[in-house]
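In the part that follows, the structures are each spelled out as C-alpha cells.
There are two complexes below, and they share chain A, which is joined by chain B in the first and by chain C in the second.
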Partner chain A sequence: MSEIERDVREFISENFILDEEELNGDASLTRQGVLDSMGVLELIMFVEERFELKVPDEDTLPENFDSVDRIVAYLNDRLATAKR
Partner chain B sequence: MLPRCPRLLHDSLRIAAEEHPDKLAVITDDQRVSYRELYQQARRLARGLQERGVQRGDHVAIFLENSVETVVAVYGTLIAGAAFMVVNPQTKADKLAYVLSDAAAVALLAEGHLSKVVAEATEQAPSLRTVLTRGPLTSGSLTPSTAREPATEWLDLDSFLAEHPPEPRDPGVVPIDLAALIYTSGSTGNPKGVMLSHQNMVFTQASLVEYLRLSSDDRILNVLPLAFDYGLYQAIMAVHLAATLVLESSFSFPAKVIKRVNQEAVTVFPGVPTVFATLLSLHRDRPQWMPSVRRYTNTAAHLPDDHVPGLWQMSPDALVFKMYGLTECKRVCYLEPELVQVKPSSVGKAIPGTETFVLDDDGNPVPPGTTGTLWVRGPHVMMGYLNLPEATAHMLKPGRYPGERMLCTHDLFRSDDDGFLYFVGRSDDIIKSRGEKVAPVEVENVLASIPGVKEAAVVGVPDELLGQAVRAYVVLDQGTEMSERELRRACMARLENYMVPRNVVFLSELPKTGSGKVRKKDLLEAEQR
Partner chain C sequence: MTGSVAGAPQIGFDALRLHDPAATADAVADDLRQAVRGFRRRGAVLGLSGGIDSSVVAGLAARAFGPQKVLGVLMPESDSSPDTLRLSRLAAEAVGIETVLEDITAVLDAVGCYRRRDDAIRKVLPDYGDGWKAKLVLPSVVDSAAFRLFSVVAVDPDGNEHRERLSAEAYLEVVAATNFKQRTRKMIEYHHADRLNYAVMGTPNRLEYDQGFFVKAGDGAADVKPIAHLYKSQVYQLAETVGVPEEIRSRPPTTDTYSMPQSQEEFYFSLPYQAMDLCLYAVDRGLPPASVSDALELSEEQVQRVFDDVASKRRMAGYLHAGPVLLGNVGSEPGAGDTDPETAG
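And now, the complex of A and B:
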C-alpha cells in the first residue's frame, strides 16, 4: 500500500467511523452513507492540507473522490504532474 | 373518453404521456427517459405487480436511490391500484423491518447492493411475497427464507419489467383510496405512516405548482431523497406539469450538481438550509453562476435572511420561496417571493385552497403578535397515521363540518398585523439536522441498546451548517470503557447517517428531575458555560 493510500484510508476511517478493514477500495463512499455534502467538503480540505495542493471546483466530482481507489488515483495524477 | 383533469395521482402521468410523449420526463446521470417511456415502464411494473398478486389497497415499498426506477415504481404501484411507500436507502434492517411489517407490504423494490439489509429485514415481514432488485446483489447467493410459506421470491427488476406487457388491469381505485404512505419520525421513537389519498395528493400537486408559478417548460432539480415528501413532490410536480425532472441521488458533490444545473438549464432548485449553506460557501470561495435558475425553494428549517442575496448573485432571475410544512399535510404556507426581504423571517400565508389558524390551548384565535399553536384546514390534510388511532387523534381534530378533520401542527407560531405567519418553535423535542427530522428517543433507544451503555440523552445543539447537530450524553456501565468513535460506529449500523450523533459527551450521571426524567435543559445549559 502506498503512503498516499495509507493516509487516505486513515483519514476516512477516523473521520467517518468506518473500520479500515471494512473500507473496500472500490466501494462508493456516498452510497455507503459515509460521505455526504458535509463529508466531501471535509475530505477535500484534508486532501488540500495534507498533500499541499488546491483542488479546483471542477475536480470535486464522484469520479475523483467517491472511493478510496479513486481518491488515490486522483492524487497520484495530481502529484505526478506537480513534480514535472 | 378519459378525463383531461387528473382525478387519481397517476392520471397526470397518463395525460403527460398522451400530450407530450416525446418530452423528457426524467434525466439522471445515465438515463434520459421520455414521458412515453416512463408511462410504459410504469404500466409494465403495474401489470407485473398484479401478476404477483398485488391487489387494490395493497402496500408496495420502494427502497431505491433516486433514479428513474424510483419514479417508475411510484407510478407503477399507483397504476396497479396499490399505495407506495418510499423508504430512505440509508435505512438499516431494524427500521426497514418495522415499516415493512407495519405497512404489511406485499412487494418491495430494492437496490441490489442493499440486499443484505433487505434479507435481514424481510425475515420479520411475513406479508412480503415479492422483492424486485435493481442491479447486482452484494452478498453471495441469497436464498429466500423457507421458514414460512409462501416464500418471498426475489426477482431482477429489469427482467421483470421486460417480461410484462404494459397492460395492467383497471383496479377500480377511487380518489379517496390510499395513494401513499410517507413515514415520518415522531417523538415516540417508531416512525409513523402518514396516509395520503389520491385526492389529497392531486389537490396538493396543483396547489404547489400554482403558487410556485411553474409550467411545463420548467426543469426541476431534485437532490433530496424521494423518501422525503419534499423530494417526492419534485417528481410529482414535474409529471403533473409534463415538465422535466433532473434527478440527482444526493447533494454529496455540490460542484457536480452545479455543473448539472448549468448543463441541463435547470430552472427550479429546491433545497433545505444545509444545501444552500453549502452552495453559498462554495460561492464565497469561488463565484458560482447558475443563470438558468428562476426558482429557489426552501423548507424544513428557517433559511437565514443573509442567504438570499447570495442566491441572487448566483441566479439573478430567481424568485426565492421560503416555506413551511409538515408531512401530515405536505405544505402549510409560503411567502410570496416579492416579500422575501420585506417580511424576512416570515413563512407567509396558507397555500392556495387551504387555511391556517393560530389558536390558544382552548381553540380560540390569538391576536397578532401572540404566540399560539398553528392549525391547518384543507384538502391536503392526511387521512391519519396507519395503525395509530391515538397518535392520529393527537394530530387531527373535528373541524367545522361532519367528518372534517383539522390538523394541529403542534408547532408554535405567531402572525403579524398583516396576517403573515412566523415560526416560533416546536413544542416537541424533534431535532432538525440537515433538514431531516431526528427523534431523540429513537437515537436514545439505539444508544441504550449498545452493550456497555447504561443510559443516554440526546439533544440538538445549534450548528451553523447543519441547523442543529445531534449530540449524545452517555453514561456507561460501571467498569466499561468505550470511545466516542466506537459508539458512533455502533449507531451507524442501526441508524440513518443524519441521525448518528455528531459528538458524544460521557458523563458519570444524567441530571434528572424528581420523577426520574432527564433534565435536557440542564445538559444544554452546562454546554453554554
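And now, the complex of A and C:
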C-alpha cells in the first residue's frame, strides 16, 4: 500500500468513523452512504491540505473521488503532473 | 399515466393533481383536529413567513379549530425580505386569525447569530463586513456530474459580486449560526403554545420533509405537521381552497434566511419544486428516470443525477428526523421509568 493510499484510508476511516475493513478500494463511497455533500467538502479539504494542491471545481467528479482507488489515482496523477 | 415511450411508463405533472382540493382540505382539517385533541391542546400556533406552506397551514388550522383558536406568530429579523411581514399579515387576515409580532433580531444579535456567521464568511472572504450581503449557493446537479460544493456569494457595498468555495469549517459555521433563526422562532412558537395551551404546527411540505430541508429542533420541531404528506405542488393546489391570497400563491418559494435573495434551488434542491415533486413521486414508486425525462425535458442521465441527489438527501434526512437514541431499555411507555438504568440494555 502506498503512502498516499494509507493517508487516504486513514482520513476516511477516522473522519467518517468507519472500520478499515469496511473500506473496499473500488466501492462507491456515495452509494455506501459515506460521502454526502458535507463529506465531499471534507474530503476535498483534506486532499488540498494534506497534499498541498488545489482541487478545481471541474475536478470534483465522482470519477476522481467516489472510491479509495479513484482518489488515489487522482492524487497520483495530480502529484506526478506537479513534479513535471 | 400519459402514455408509453420506448417501454418506459411516462408520467407527467398531472400525476400530482389533487382530484378534489376542497375534500383534501376537509380531510386534513379533520385529521388535524383529531391529532390536537389527542394532545389535549385547544388550538394551534404557527409561525407565518408569508410563504405558501405556512399560509396554507394557517388556512387548514382555521378550518380545523375556527380562526379564533389559531395564533399566527410573525417573526422577522434583520435579514428578512421587506415582503415577509406584509405577506404574513395578508395571509393571516385572509383566513381571519390573530397575529402577534415578535421581531427576533435582538435575540439573534444577543446570541451572536450574525457575528458568528460573518466571522465564518470572512474565513473565505476576508473583506466581508458591514454593508455586504451574502448567501450560500450550490451548483446545478443538472448541468454537471460534479459533486455539489457550497460557495458563498456576496455583494460588497459598491455592488461588486464575490464568489468563493466554502471550506468545510466555514460552511458548518455559517449554517450553525443561521440555524439560530429557525430555533429562535420555534422557541417563541412554543412559548405562545404553552401560554395558550395550543399545539405547534410544523409547516414542511412533503418535498421538504422527505429531503431534510429543515433545521433539527428548529422548523423541524412541531406537534403536528399537517402538510408533510403533500407534495409542494399539491400544497399550491390547496391554497385557493383554504383562502390563501393570490399574491402569495403566485410568489416563487425563497429561503428568506440570508441577506441576499436566495431561491430554494440555489441552496438545496436540484430543480424547481414542480420538477422535484415529480422526481420524488417517481422515486417513491420505483419508476426509472425515463418515466419523467420527457415531462421534465431532461435527459435520462440528468434525471438519474437528480434521483441520486434525492437518495443522498434522504440519507442525510435520517439524522434530522431521528429522535434521541436510547441505549438502554426504558420500558414500553415513555416515562414508565421502571427499568434500572444500571442494568438496562
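The working rule: the second predicted complex is superposed on the first by the 84 of 84 C-alpha atoms of A that agree within 3 Å, B and C clash if a C-alpha of one lies under 4 Å from a C-alpha of the other, contacts with A are read in each partner's own complex, and residues count from 1 in each chain.
We adopt the following convention: contacts are C-beta pairs under 8 Å (C-beta built on N, C-alpha and C of every residue); 3 or more make two chains touch, one makes a residue touch a chain.
Every value quoted in this text rests on a predicted model; they were computed, and no experiment measured them.
Once the complexes are laid over each other on chain A, chain B and chain C cannot both fit and instead clash. Once the two complexes are laid over each other on the shared chain, residue contacts for A:3 go to neither chain B nor chain C. After overlaying the two complexes on the shared chain, residue contacts for A:42 are found with chain C alone; chain B is out of touch.
In the superposition on chain A, A:65 makes contact with both chain B and chain C. Looking at the shared chain after the overlay, A:57 reaches both chain B and chain C.
When the shared chain is aligned, chain B and chain C each come close enough to touch A:30.
Listed for chain B are the stretches 99-107, 441-449, 477-485 or 513-521, of which 441-449 clashes with chain C, judged after superposition on chain A. Shared contact residues of chain A, touching chain B in one structure and chain C in the other: 30, 33, 35-38, 40-41, 57-58, 60-62, 65.
The touching residues of chain A, when paired with chain C in their complex, are 30, 33, 35-38, 40-42, 44-45, 57-58, 60-62, 65.
Residues of chain C that touch chain A in their complex: 138-139, 145-150, 165-169, 171-172, 308, 312, 315-316.
The part of chain B that touches chain A in the complex is made up of residues 65, 90, 113, 249-256, 258-259, 274-275, 278, 281-282, 285-286, 288, 434, 465-466, 485, 488-489, 492, 496-498, 500. Looking at the complex, you find that chain A touches chain B at residues 14, 17-19, 30-31, 33-41, 57-62, 65-66.
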